[in-house]
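Comments concern the structure below.
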C-alpha cells in the first residue's frame, strides 16, 4: 500500500524537492504540448506519408500514456479524498478527471460506436487546460478565480442582460431589414449574427443594415456595446480591488496580533500599575 | 375582500413558502419564454401549415393569460399602494404595467385601428424584461441599478459628449469626403453612420474615407473611440468601488455599535475612576 | 456704467432668479442648436428653393445675433477680469472667445479674402461646445475635467506610446507587405491607416495583410490594441477613485473639525486637570 | 581621467543646469527624430534624385554620430557601474545598449555579410524608444512600469489564457469550417488569423464563418473578447489604485514620523511624569 501512496504523491503536483513527482509532472505536460503540436500539424494538407505515419505512431503512444495516467489517478483516488466514501466515483466525476477522460475517450469510441474521429480529436485539446495547474501561474490564477467567483452574480446578470439585448435587437432588426435584405436577415436567429457582430463591435462587414431605421438601430446597439465593455471592466476592477484590500486587511490584522503587548503603565508615585 | 388581497399576494413576487405565488410566478415566466420562442419560430419562412396553426392558437391562449393577468394586477392595485389615492392610475402608468400593456395591446389594436400586427408584435418581447425581477438575480441587479443611478450625471455627460463628437465628426467628414464619395457621404445625417461605426470601432467596412485628410480624421476618431470606452469603464469601476466601500463602511459602523463599552479606568491608589 | 455691468451679468451664466440672464442664456443656446440644425439640413442635396432661401435668411439673422453677442461680451470684458489690465485682450484670447470668434469669422472672411465658405462653416459647430457650460451638467464635467487634468501626464504618455507603436508597426508592416500589395501599403504614412484600423480594432476591411508574417504582425498589433484600451481605462478608473476618496477625505476632515472639543480630563482626587 | 568622467556625465541624462549635457541630450534626440523622418520619407516611391542623395548623406552622418555616441558610452561604462567588475560587458549587454547597437549595426553588416539593408534599417526605429527616457514623461512612465511589473503575474496569465483560447477556438473552427471554406480555413495555424480578428473584435471581414455552427462559435469568441478587454482593464485599474494607495500610505507614515513628540503627561498632584 506504500507504493500506491507514493504513486499518488508522484502524480499530484510535485512538491519542490520531490524529483520523481516533478519529472512526471513535466513529462505529462510535454506529452500534452506535443499532442497540441500534432493536432495542429495534422490539420495541414498534403503532409508527406512519413510524417503522417509518425503522427499516427505518436498518437498511439500518447493515448497509451494518457490511459495509463488516467488509470493510475483513479486507482490512487482514495488518497485524494482520505476518509471519505465513494472516492473513486468522486474522482471520476471531478472536473479535471472529466477533461482527462475526454482526452482519451475519442480514441476508444470508434471501437464501440461509429463516430467521426476527427471531430472528437478536438477534445484532446481540453488537456491544455491542465497547464493552468502549473506552479508558477498558480497565485494569479487563484486570485482571478476568486474574483470571478466573488463577482459571479454580477457577471451572470451581465451575461443575461447581454443575451436579452441581443435577442431584442435581433427581433426588432429582423422586422426592419427583412424586406430590404431577405437573404441577410432571413429570420430572428440568423439576425443574431448581425447583433453579436455589432454589439461586440467586431463588425465583419458581411451583414449590416441598409435601411435608414436599421442603421439607427445598428448605431444604438454599437454604442450600447461600449457600455457592455465598460460593465464587466468595472465589475472585474472592483472585484480585484476588493480582493486586494481584503488581503491587506488580513495582513494588517495578522501584524496587529503579532505585536508585543504594550508596556504596562505604572503610577510613579505609588509604584502600582494603572489599569 | 380577503380574496382580492390574497390574489395580490399571489401575483406579487412569491415569498419563499407561498406555493401558489411561486407557481403563478414561474407559470407566467414560462408563458413569456414560450412567447419569445413563438416570435422567433414565426420569423422563419416556409413553416409547415400545422405549426403555423399551432402558433396561432398559442398566440390566442397567451394573450388571454396576459390580459387576465393585467386585469387582475390592475384590480389588486390598491394593495400595491396602500393608503394612497389614485392607486389604479398609479399602477397603470407605472413602468412595469406599461410594458405589460404593450405586450397585449398589439393584439387588440387591429380591431380598433388598422396597424401592422407584425411590427407591434415586437413589443411583446418587452415582457422579457420582467424576468429581471426574478429573485436570484435581484441583489446584483439592484447594486448595478444603484451604481448607474449614482453615476447618472457622469454617464449622461459621457452620452452627451459622445453625441457631440459624432455630430462634429460627421459634419467635418461630410465636407471632406462628400466630393470624393457622394454616394457614401451624401449628407451629414448619413455620415453619422460612418461616425458611429468608427467611434464604436465596429468598422463594418461599407463606408470609410478614401481621401488622405478623411483617413486622418477617421484615425483620430477611432483613437478617441478608445477613450470613449475607457471613460464609462472608469465611471462604472469607481461607481462599483464606491458602492462596495459604502457597504463595508456601513457594516463596520454597525459592528462598532455592537462593541461592549470599554472597561472604565480606575486609579489604583484611591480606588476612584479616572475620567 | 451701471448698464454695462448689468449687461455683463445678463451675458454671463444666469443665476437662478435672474430672469433676463436665464432668458438670454437659453435664447443663445436655442440659436446655436438651430444653427446646427441648419448646417445639417443644408448638407442635403436637392433642397427646395424656398428652404434654401429660408436657411440663407436664418444664416444672416444668426450671424447678426452672434456678432452682437461677441461684441457685447468684449465690451463687458472689464467686469470679467476686474482690477486686472488688458481685460479686452485677455477676453479675446480666451478659449471660449476664440470659439465664438470662429463661429462668426467665416461669414466675414469672404468679404476680405477669397475662401471657401463651406469649409469654414464647419467652425460654427464649435459653438456647440458652449452647451457644456450649461448648469445641469456642470458638476460631472468639472469632476471629469479634474480627473483628466490630474492624470494628464499618464494620458499623454499613453498617447505618446500609442503614436510610437503606430509608427513602429507601420514601418515594419511597410517592409513586409509593400511587395505583396504595393497599392495598399505604398509607403509608411499610408500604412498608418492600417495600423490605426488594427490597433483601435476598427478593422474596416479595406486594408489588411495577406502575407503570413504580415498577418502575425497584424494579430500582435490587434492584441496590443486590447492593452491599449485597458491602459486608459485603468488610468481613468484610478483617477475617478482618487478624486472620490479625496472628496470623502475632505468631507471627513470637515466633520472632524466641527466636532465639539473633547471634555477635559480632571483628576478626581485633586480636582485639577490632567494634561 | 577627469575628461572621461565629465564625458560620462554629459552622455547621461542631463541634470538641470548642466548645459553641455542637456545640449547633447537634445542633440541626439533630434538626430533620432530626423532619422525617423528619413525612414518615412525614403519609403515613398519616385523621390527626386536630389532628395535621395540628401537622404543618403544624412544616413552617413547620423551613422557616424550614433557610432561615436555608442563608442563613447562603452568607453565611459566604468562610471556607470562604479566599483563593479566587467563594466564594459555589463553595459554592452544592457537593454538600452542593445537597442543602440541595433541602430548602427545594419549599416556595417553589408560590409561583412550580404544582408538586405532595407529590412535591417527598421531596427533604427528602436532608437525611438529612448525618447521615453526624457525627463518630462519620467514619473508617469515609472509609475506605469511599476504597475506592469507588480501585475506581471496576472498579465502573463491573461496572455497565456488568451493564447490558449485562440488555439482552442482555431482548432474547433478549423474542423467546423474547413469543408465549407477550404481556402479561408485551410489549417489550424491559418485559422488563428480568424481567431485573433474575432477575439480582438477587429473583424476585417476577409475571413468569417458561413456555417451555422461556425457563426455560433464566432459569436461566442467575440463575446469572450469583451471579457478579454475587461480582464486587463481590471488588472491595470487595480494596479494603479494599489500603487496610488501605497504612495499615500508612505506619505502618511512619513508625516507621522515628522510629528513632534506628544507633550509628556505630568501627574498634577506630584509634578512627576506619568509614563
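Going by the order they are written in, the chains are A, B, C and D; count residues from 1 in each one.
The rule is short, and it goes like this: contacts are C-beta pairs under 8 Å (C-beta built on N, C-alpha and C of every residue); 3 or more make two chains touch, one makes a residue touch a chain.
Treat the numbers as computed from the prediction; the structure is a model and nothing was measured.
Q: What is the Cα-based rotation angle between copies chain A and chain D, on a 0 to 180° scale and rounded to a multiple of 5?
A: 90
Q: Indicate whether more than half of the residue numbers at the chain A-chain B interface occur in both copies; give same if so and different if not.
A: Different; most numbers are used by only one of chain A and chain B.
Q: Measuring centre to centre, with centres taken as mean CA positions, what chain is farthest from chain C?
A: A
Q: Counting in whole Å, what is the centre-to-centre distance of chain B and chain C, each centre being its mean C-alpha position?
A: Inter-chain centre distance comes to 30 Å.
Q: Of all the residues in chain D, which ones touch at least 2 other chains?
A: Counting only residues that touch two or more other chains, chain D contributes 197, 201-205, 229, 233-235, 237, 241, 267, 269.
Q: Give every residue of chain C touching chain B within the complex, in rising order.
A: 36, 39-40, 43-45, 118-119, 122, 125, 128-129, 131-132, 137, 139-141, 143-144, 147, 162, 192-193, 196-197, 200-206, 228-229, 232-233, 235-237, 239-241, 244, 265, 267-269, 274
Q: In their complex, what parts of chain A are in touch with chain B?
A: The touching residues are 153-154, 156-157, 160-161, 164, 167-168, 171-172, 174-175, 178, 186-189, 197-198, 201-205, 208, 215, 218-219, 222-223, 225-227, 229-231, 233-235, 237-238, 241-242, 267, 269-270, 272-275.
Q: So in the complex, which bits of chain D are touching chain B?
A: 201-205, 229, 233-234, 237
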